[in-house]
Each structure stands twice: as structure tokens, then as C-alpha cells.
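The structure is given below, and queries will be raised subsequently.
Labels for the chains are A, B, C and D, by order of writing; each one numbers its residues from 1.
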Amino acid sequence: MAGNTFGQLFRISTFGESHGVAIGVILDGCPAQLPIDLNFIQAELDKRKPGQSKITTQRKESDMVQILSGTFEGKSTGTPIAMLIPNEDQRSKDYSHNTDVYRPSHADYTYDAKYGIRDYRGGGRSSARETAARVAAGAIAKLLLKHHGIEIFAHVSSVGKIQAPNLVGDNIEELLATREQNIVRCADPATANQMIEFIDGIRKDGDTVGGKINCIVKNCPVGLGEPVFDKLHADLGKAMLSINAVHGFEYGSGFAGSEMTGSVHNDVFLANEEGNPKTLTNFSGGIQGGISNGMEINFTVAFKPVATIMHNQQTINAAGEAAEIKGKGRHDPCVVPRAVVIVEAMAALVLADHLLRNKTSRL
Amino acid sequence: MAGNTFGQLFRISTFGESHGVAIGVILDGCPAQLPIDLNFIQAELDKRKPGQSKITTQRKESDMVQILSGTFEGKSTGTPIAMLIPNEDQRSKDYSHNTDVYRPSHADYTYDAKYGIRDYRGGGRSSARETAARVAAGAIAKLLLKHHGIEIFAHVSSVGKIQAPNLVGDNIEELLATREQNIVRCADPATANQMIEFIDGIRKDGDTVGGKINCIVKNCPVGLGEPVFDKLHADLGKAMLSINAVHGFEYGSGFAGSEMTGSVHNDVFLANEEGNPKTLTNFSGGIQGGISNGMEINFTVAFKPVATIMHNQQTINAAGEAAEIKGKGRHDPCVVPRAVVIVEAMAALVLADHLLRNKTSRL
Amino acid sequence: MAGNTFGQLFRISTFGESHGVAIGVILDGCPAQLPIDLNFIQAELDKRKPGQSKITTQRKESDMVQILSGTFEGKSTGTPIAMLIPNEDQRSKDYSHNTDVYRPSHADYTYDAKYGIRDYRGGGRSSARETAARVAAGAIAKLLLKHHGIEIFAHVSSVGKIQAPNLVGDNIEELLATREQNIVRCADPATANQMIEFIDGIRKDGDTVGGKINCIVKNCPVGLGEPVFDKLHADLGKAMLSINAVHGFEYGSGFAGSEMTGSVHNDVFLANEEGNPKTLTNFSGGIQGGISNGMEINFTVAFKPVATIMHNQQTINAAGEAAEIKGKGRHDPCVVPRAVVIVEAMAALVLADHLLRNKTSRL
Amino acid sequence: MAGNTFGQLFRISTFGESHGVAIGVILDGCPAQLPIDLNFIQAELDKRKPGQSKITTQRKESDMVQILSGTFEGKSTGTPIAMLIPNEDQRSKDYSHNTDVYRPSHADYTYDAKYGIRDYRGGGRSSARETAARVAAGAIAKLLLKHHGIEIFAHVSSVGKIQAPNLVGDNIEELLATREQNIVRCADPATANQMIEFIDGIRKDGDTVGGKINCIVKNCPVGLGEPVFDKLHADLGKAMLSINAVHGFEYGSGFAGSEMTGSVHNDVFLANEEGNPKTLTNFSGGIQGGISNGMEINFTVAFKPVATIMHNQQTINAAGEAAEIKGKGRHDPCVVPRAVVIVEAMAALVLADHLLRNKTSRL
């Protein structure tokens, strides 16, 4: 059973290969009457598109999105919203030297073994180019969430061993403005400079490096998440782990929480507050028993280094014989600056889905 | 949309509350003709059941499982396998003092807010008692996997800051034997003793502590995992994050991988090997592009400390007023020893599902 | 991929064989706070249970239902509602003569061919006994629908060639009362008498006969049904066709509509009415474009004659050799009197599901 | 929860409105390595396209299909196959007179009521134009089925009261050739002439008429269909009922079976045959207990008359006031000639799905 669909009620199906005609997405289940701002969708895609700075791949794709269906006079109609992003720079000759050999830590071998056929043009479906379709759909999810007052913000919290301080401030617009002032998309300007310098050095070495993205959700209503399997953090985790290169996910206290005692970790409720109860601490990361509790949702995603490096590497060919991969092509030295908006998009898709799912939890 | 079903082709639906009549599970999609060993299922449940040692809760449940349907003359018939585990020790009076107050870092508040109704008997559906149903179904998944030569092994790799060394040895039976010789279920006996002593101290303090479980899968065939959303590690991650108290998941290089460079992280293929290609290192954790590559699958799950502590805690009641929780009841000082078999069960369910899903990936 | 689950948001999974330990159902997705009337559920089951009159099978089953989970203090809690119906009269010796031969027009051969294993005890999973689980879940669906003012009524509209006149009257309670006054469950007393006499003659001949059930839905809100595949009538059709022995489904004008012209068939809207628009005729059967339009929903279901007859029949055994089936056992001469409540239950499940699905169709 | 996805393992999601930019489909789950014959897909679409004869609508659409993804060097790759059909003749001015009034027996009112928004351009999503996407995907399903030797054939079995004789002959190619020799697509030439003359008269009257399509499946393997809800005929029924204008479905003996006795209706097995057992009669329509038995599958679909007639009709506007619809536009006097290939496509999609689903029914 194929796996190109995500979400239950707010549901996307993506298609397209890195060097095919186009990539795209069908979004089914968007409630009718939502204003669909094409400029906003395009702006989101622009944050993910290649070639935007010296620390990203130089592949040129304008990533211009077209809406084919599902809107009428600027609003969603309740019918499927199909969006198309044509591929422009299909320079597959860059890949012609890789038709027979398996690139280390890529999906070349596993796709070939699974399907018995290999689309060697730039990774085919396994390329992160597919995530543009997620960003387009995620932008509509964000519009739905904004309509309900929910805001999402992610930024690069580490590159290699360079770690940003914890986020300060509650104003998402300000955080966004700060983040977009640097090309690495870290909300702390001083750390951002260190990261950029580090990535640029890595790039000059022809190497790559991993990093982490931290994401918060503000104003999430209480009650999102569906026990027992579709806990909110379980669906967020799956969403993040489905992004190319992600090797880890934690929320709230995360891995550090495994070292703590209950007497420290428990989030004590504060009395006499108006509105939803607040807790003194937030080791729960805004989610208890798999259901949002109204506090800020907080999670972190770990990305491995990009596998394509500009070094020659020993490998094997399809016959199992020794071969060599030459370092060529156009690739990112560090994936996290472009992945920030992907993390936000996937978070938005999960939250939009659970927002709708929660509509039927009680009479 | 409710979330009590897990899996696509090998699919379980669980039911039951901590202090209701019974808990149970329907497993739909188990291929016909699989020998169903009831003793094995019961033995798995015995590893999860309460009261098994001094470092687990003293609630008494025999957790005797009955098969209601789906087998005939000892084999699966292709029809749904329903299993029932009656609740015996429904000492709900232990909870009668908690009917109005929200226990910190429990799901009391979020369930109440979501559903507008609260089953205050021991956490109701949010109790980890529900995981017994997963273990029963997971046992059948293990039987299916064993039929295909696939083996799963998990153990407690850390408690608080006490970290076990990496697993040594390839023989799952030996690892299992070693693990079952200590009550904390760590495969390293020396570390196990440290952990037990530490947990026992925590227990005497009326406190709790978190920990981690590491899990490996041997002999996983190449090709399991469904791009792009249902990547094998994404489904494993969701499965693990759906277990009570889990706050983090990583596979292969995990969070540490975010600090590495591509030239170090890439898993170089080895030439001239027979059978499936092997890699020199395994930072990929046995999965590339979301598809198993035939190497050992390796992941780690982080558990927060149990929220129920034997201390009095400040909290609020349903009216938002200050209240106090008294430390009472029967609970685990550390959840990981009993959670080892839950981690294995969920891993088995994911792998069994993907084993079946992969049957249609090519003509 | 197994098929024992029905519905998207209001979703049931059934289990159990005719002569196993028990049959049952998990209902997931029932909104919290719905009063669950166990007596009503049992009364619905009593209408389906065997042995209720001279024109039904004489197998004795009390079909007493137990609720295992999902309710607290008489109300649904939002967690899965599991219901169990133990099998009592497992007289499988009645079937021991059929272990090797395939009964004509039964599922013996197809199950054996599909699964490679045959549970010969009374048809195993293929027995209509499974529908008791649907009736139990359907009863809860009816409770949810009643809460929203929606009412369902079905009755036997034909037996063999004996056809009842169209339903007269709008009062569901009166129709129900009339229907329950005769054992064939036809709302027209005169026709009922004819049908009973006819079935009784068929029974004495050791033969069986088919029939039809007509079903109406009153007060269905406008807007239920999800284009383009999950049209309301498409889901109703699938629901009905999934009932044992059903060979046909039509709604509104049905098969007769295929002979009509558009100028006659079109349902003209009436002006100047209060509330939802009404139409002059209702050839649309209350559904236009797959979406309910507020008029009465009207459909008919055709049942073939029961395959088990008291005659000896020529057949083959598993080796393909000629064999003979002896007419034995306890079976219904005509299935429709007991199937009325099954049709209602499946209709209720579809409507409850679409009622919930429609909650997210617009902002 | 939206309903634009059909199938479980061989799964399509369609999008697009009658007068939008384009319509299309994503097919997910097609096994890798299937040769994809674009000419065959186009030829199938040509049988559905408007303007093909004097008895179909004169709207001009070339319905040229493009494949955007999922194939490489002429074969399926296991990734989603996206297909696009641009809309050319978007003469929406034909509809501008209908922006405020509800056309009788159309979906205008129900879409407006459900979504609170109305795409008045030619019916928007409710137009049968959407079925072109099904035909494109169904063509690939047919290619998969042909690879397994399974063949599907449908033809117009009645128009109004003109009924064709039962199909004669077993050779699908011959049947197809005969059918395609007349514009009404009836496999009996004499009846075809009557039908064409009748439809042409109806057309000149500005009226429309209904009809029926009969479909058979040859060489269906034993074992397709998933008890208890996803019985093969239940999924076929839903598939057919999801086609625009369908009001009824029956298989095997169908509605006539409800008048028969079991002693007549039972399909007796024939002994001493090679291969799969055959039955003397086939009232079961090739399906027993919801599972194919290897005999010819046989079902019939009833279509109501097209709602758009060239007469003026009384109706109401969105305010509920009396209004008049003028007979204008370009529409089919009888939908069945173009629907034959839609019926085949939906049947192919169901069978392809169940073919894949059956891969995991036993070890």
C-alpha cells in the first residue's frame, strides 16, 4: 500500500519526481469559504526554493505554483484543491554519471531493491524536491489555522555543534522578522552569523553538516489529538520524520526528560487564572495524554548531514562491484535553512487535520 | 475522527479503560494459516503485567488473555482475531479522592476538556493499561515476523543518567536471556544492577524517574517502508510516540547525527559481498529514504518520568481553584522495565504492516 | 487488506464466527456525552435474533449484549465502545456432515479458496450471525441520529412476488407499531398475512424464498454525503450490499427511473415554502449529486433466497468429486423479516458517519 | 471528511471542476514495472469525450491526457502517477443565466446548502466531467488486469424501455468490436438501431431518457473480495453508485432473485471439471459470500435521465422565490453511451484494488 497521502480529514496526496514534468499536490478536505491567498502560498514556497542564498543549492527553480481547482472567486469551495509546480531546471545530465552506481546514504539502492526500477534523474521521487508540494499545501493549512488564531514558528536551533539559545519572546511576527533577516533562518542573530560562517566553510570543503530545527505553536486550542494512537505529538513526530534527512524528534522535555525525576518534571497547574488553566513549567510541551493542553507546543527535529558531498566516494554498482562516485551536482551544504518552512508546513498540516478531527469529539 | 486504530494492512483496534470490565483488541488483516501460539502471547503479556517485581507497580492483574475469534484448530483463518483481557483488580476507590482535581502532567485535564466527561477511575482510557492490548496483538505480529525470519529485541538502555553500553552480540536469543535475568530488563548485567538500585532508591523517595529503551531489528528484508509519508522510520516513530510517557524518538545516528558532517556520516557500501549489499557503518539505522536497506534497524525511545508520585502536590480542581493531590495509589517508579515489551510490540506491528504493504510494490 | 471495518468517523470493526466463543464490535468515534440506552440496544438485537417466530430459524441464541468499554455513568466518553455477544447454541455437530463438501451458493468454496483454511462450523465468519454486531452498533447510531431528530424506518416490501403497497403515513412511531404487529415485519397488515402464509408454505416445502426491504429516512438534514466517491447513496448502497444475501440496491426512482424521461423525472422545486426547499416529486430519493436535499430518503434492497434448503443437493467435495449435501440444520425460510433491523442498522451507521463527516464541510 | 479518494491499495484521488483550469487524478499504489500505454489511456478517454456523435453533447473537449509523474521509460515506477486533462471549451457564459436559480434534479441546491458557496459554471465539481479522470485511471487499472488475464466488458443493455437481449458469446474482443460499431454502444446491432432512433427522437424533443449498462468480467481469479464489509459486489456497487446519474445496482440474479426460491436459485457445482469448480447456473453473478468464485462476474447499473432538458422549467432561486430555468446549453439526451467506459473504468479500479488486497490474504 503506497504512502503518498497524509492526514485524515485535512488530507494531502503529493506526486512528482525531481526531474519529471512537474510536482504537485491535491488537498482534499479543506473547509469551504476559506480565503485562499495565492501570494502567501508563493511566499512560503520562496522560502524553500533552491538558489536563494550562498548556503543553499544553486539549482534554479522558480517554483511558481498554479491552483488548478477547488477555489472560486478567491475562496475554497470544499472540493479538492489541486496545485501544480512545474519543474524547470531538469538538468538531468548532471546525474547521468550516476545511473549505475548507488550513492552512499542515498535512497538509490533501496528504491531499486523495492521497485525493481530506478529513476536515476536526481533521486526521482526520493528527492527533497517533493517537499515543495507539502509547503504549498501547508500554506493553506496555515491560512486555516490563522483563521482560528493559531500560529506556528520554526527556526534553526543548531547547526553542527553550534546551538542557539532558547527562543525569547512571544510575538510570532517579531520572531519571523528576526529569523528572515539572516539566510540561515535562526531567530538569534549572533548565533546565525556563527552558523552561516560555519556552513560556508563546510561548503568550501565540499562537505555537508546536519542541524536541528525547533518549532513552537502558539494559541493551540485545548483538545487537539486523538488517543490512543493518533496522539498529537505522535502525528507531529511522524510528520517530521517523514521529511527527508530527519533522524530524530522530541517534544517538551524530550530526551533530557528521560534523565529527570517526576517531582521535577511534573507541570504544576496554576490556580486562579482566567481562561484555560496554565502550568508553572511546560515539560509536557503543550501536550498531555496526546491532547493539547493550551500551553505552547514545543518540539525539535534533528536532521542528518546531506548525503551528497563534493568528495569522491567509494561505493558499488548494481552488480555489487566496487565503483567510485565523483563529487558533482548542485546540492545544499546544510539542509536546515530551507527546511524551516517544511517543518512549519508539516506542523500546520497536522494541526489543521486535528482541528477538524476534534469537531466531532463530543455532541 | 477517533484514533484507536493502528496499521493499514495488519491493523489493530484497541478498546478498554483502566478500571472498566475488560480491555482488548481486534487484529484485522493477519494472513490466514499462521500458527497462533497462545502461550507465547501470554508470555509476552506477562512481561508487561503489573506486580512482577519490586520496581513495578503493585497493582495485581493476571492479564490472562482469551482469543474470541479468528483462529481455527490453532491457526489464523484470515478473519479478525479478537482478544480479551478482563480487568480484575479494579480498586477504583484508590482514585475516588481524585474525582475533582487534575493530577499534574496526567491527561485528566485534557480528556475532561476534550470530551466534557471524565472517567476518573485510574485514568480511564489514558492509562497505560491499554498497552496490554497492544502487546497481545504485537505478539501475533512477532509470530508473523518470525515466520519470515525477522527478529526484534529491545532493552532498557538508560535510567535517569545511568547509560548502558551499546549492545554487544548478534544473537537475539542470548540477548533476550541476558535481559530477562534482571528485573530492569537491561542487556548489560552490570548496568542493570546500578539501574535497579537507583530505581529502588527513587521508589523509596516516593519519586519516579525516566529512561530510554533501545530497540534493534535483525534480518529485516530490504524494501520495507512506503515513501513519501509512510517511511519506515516515520511509522516506527509514530508507533513509539503513541506509547504513554514517550517524549522522544531517534533512529540511526539520531540527534547526534545533527552534529556530524556528511563525509563522516555517509554509510559506504562494501563491494564483493554476497547477498544484499552491506555498509561499512550504519548511521542510517538500517533505513535509507524511508526504506529498509537490509542492515540492522536501530532506534531509541525516550520516556519521561511517571507523573504519579507519592508526594503531595499543589494543583487545581475542575473549577480552577487551588487544590492538593495526595500521593496515594500503586504506580511504577520507572516505566521502562515494563515498557520494553511494549516497544517491541509496537515495532512488530509496524514491521508486520510494512511486510504486507510491500507485497504489492511491484508486479 | 482485510475488510471488517466500516465507516470513516463513526467507525465499526466487527469480529466473530457463527460457532466461535463470541461475536462483537468496537465502535470508535461516537461523540462523547451521548446517553447509551442498553435496553434499546438489546431490543434492537431481539428483532434480529433467531428463534423469534415460526418463520425464522429455530437456532436458540439469546443474543444478550454486554458493553465492555466506552461508557461511564450511562454516557459515551469518546473512547471506543466495545460490545460483546457470547455465542450460546454452538451446535456445531449440525455441521459436521459438511466439513468436506461445498454447499451450493454458500461461501464455503470461496473462503476455502481465498484463505486456504475452512472453518466449517456453520459458515464461520460468512454466517449472517455477524450482523448481530452491526445491529448493536447500529442501535447506538440510531441513538445519535435521534438526538438530531433523524428517524429511520424499514419494512418488508416484498416476499417472492408478493409486493406491499407503497408506505402510507409520515409517523415513524405508528409505522413501527404496525410493522411489529406481524412476524414478517411488513407495514401493511393485509400483505403481511399473505407473506406469512406464503413463507410458511415455503418452509414446509423445505425451500426458501427471497424478498425486498424498503427503507426511508425522515428529517435527514440537508448536506449529508461527500462528493464525488462517497456520495450518500453510494455509501448506503455499499452498506446494504455488504449484508448477507443482498443482490440489489436502488434509491429514489431506481431501476424504474432508467425507463423515464427527464421531463417527467425532474423534481421541480416548490416556491414560497418555509424552511428547506421542497420538491413536488421525489424521484431523487432525497439525494441530489450525492448530497441529501432534505426530502425523505427512500431506498430498496433485494435479498436472494437463503441458500440452505432442506432438500438433498448435488455438489462437489474439496477434491472436486461429486458429492451430496443432505438438507439438515436450522435455517430461515426467508431472511427478510429478521433483516429489517439490519437494514436499519446499516442505514443508521451510514447516516451517523455522514452526519459527523459533514461537520467540517465549511468554516 | 471529504470523499474524493477511491480504493485502498490501488487508490485514486481526483480533482477539478467542469469549467476550471483542468481536471485530473493521482493514482497511488500502481505496482512498479507495469508498461503504461499512453495511447490506450487516450483511446479510453476518447470513448467518454463529448461531441463524439449526434446523440451526445456537442461540447467540444479533446480530453488530451498528460502524464506528469510516476512513469520512467514507459513503465510505472511505484510512485504516484499523476494525469492531467486541461479544460478547453470553458464556455461558462452558457451558464451565466443559472447563477442564482437551482436547476431541478441537479446538485446546485445541495452543493450550495452544504458548502455555502456555489460554483455555478456548469455544475462545477458535480459535473460528470469529473469522470474523465476516472476513465484515465481506470485505463491503467485495465492494463494491470490485462497483465493478469482479466477482461472487462460493458455495453448499453437498455435505453428507456428498449431492452437488449442477454449477451451472447465469450470473446471480449469480438464483443468490443460489435459494440464500437454503433454510437449507442450496445452489443446487439439490431437493438442498437432502435436505441439510436429513440434517443434521436428524444433529443429532438429537447428531452432526455435513462438507460441501463450491463457489465461482465471474464477470468477473474477466485478469491477477490474482503469480508465482511468490503465484499466484492459491495465495492462494485459503491463504485457504480458513485457515477453521476446512477440510481440502481444489481448483480447476478439481482432484483429478480428476490422473487425466486432457493431450490431454483442455488448454483450447483459441477463435478469432475478441471481447474476451478464451475457451477451449472450463475445466479450468484460470480461472487459468493462477497468473494469471486471464478465464474463470470455480471452486474447491471441503472441510470436516471439527464436532468438538463431543453424545456423551460419552473424552479426557485436562492431566496426561495419562484423562478424559471430556460432550456439552454449543450447536454446529452441519454448518458449511457458515454457512460459505458466509465462503468468499465470503475469496475477495473475495484478489481485492481481487490487483486492487490488479496495478495496478503494468506501466508
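Brief remarks on what is shown
In this section, a contact is a pair of C-beta atoms (placed from the backbone, for glycine too) under 8 Å apart; a residue touches a chain by one contact, two chains touch by 3 or more.
Here the structure is a predicted model, which is why all the values come from computation and not from measurement.
Path length between chain B and chain C in the touching-chain graph (shortest route): 1.
When the C-beta contacts at A-C and at A-B are tallied, the pair with the greater total is A-B. Farthest chain from chain C, judged by C-alpha centroids: A.
In whole angstrom, the spacing between the mean C-alpha positions of chain A and chain D is 39.
Work out the mean CA point of chain A and of chain C, and you get 46 Å between them. For the pair chain A and chain B, the distance between C-alpha centroids works out to 26 Å. Within chain D, residues 1-2, 4-5, 8-9, 14, 29, 32-33, 78-79, 111, 114-117, 125, 227, 360-362 each touch two or more of the remaining chains.
Touching chain A in their complex are the following residues of chain B: 1-6, 8-9, 14, 102, 104-107, 109-111, 113-117, 125-126, 130, 158, 160-161, 202, 207-212, 222-223, 225-231, 233-235, 237-239, 241-242, 247-255, 257-263, 265-273, 276-277, 279, 283-285, 287-294, 302-309, 311, 313-316, 320-323, 357-358, 360-362.
Listed in rising order, the residues of chain A touching chain D in the complex are 1-2, 4-5, 8-9, 11, 13-17, 20-24, 26, 28-29, 32-33, 66-70, 72, 75, 77-82, 84, 111, 114-117, 119, 124-125.
By the touch rule above, chain D contacts chain B in their complex via residues 1, 9, 29, 31-34, 78-79, 147, 227, 356, 359-363.
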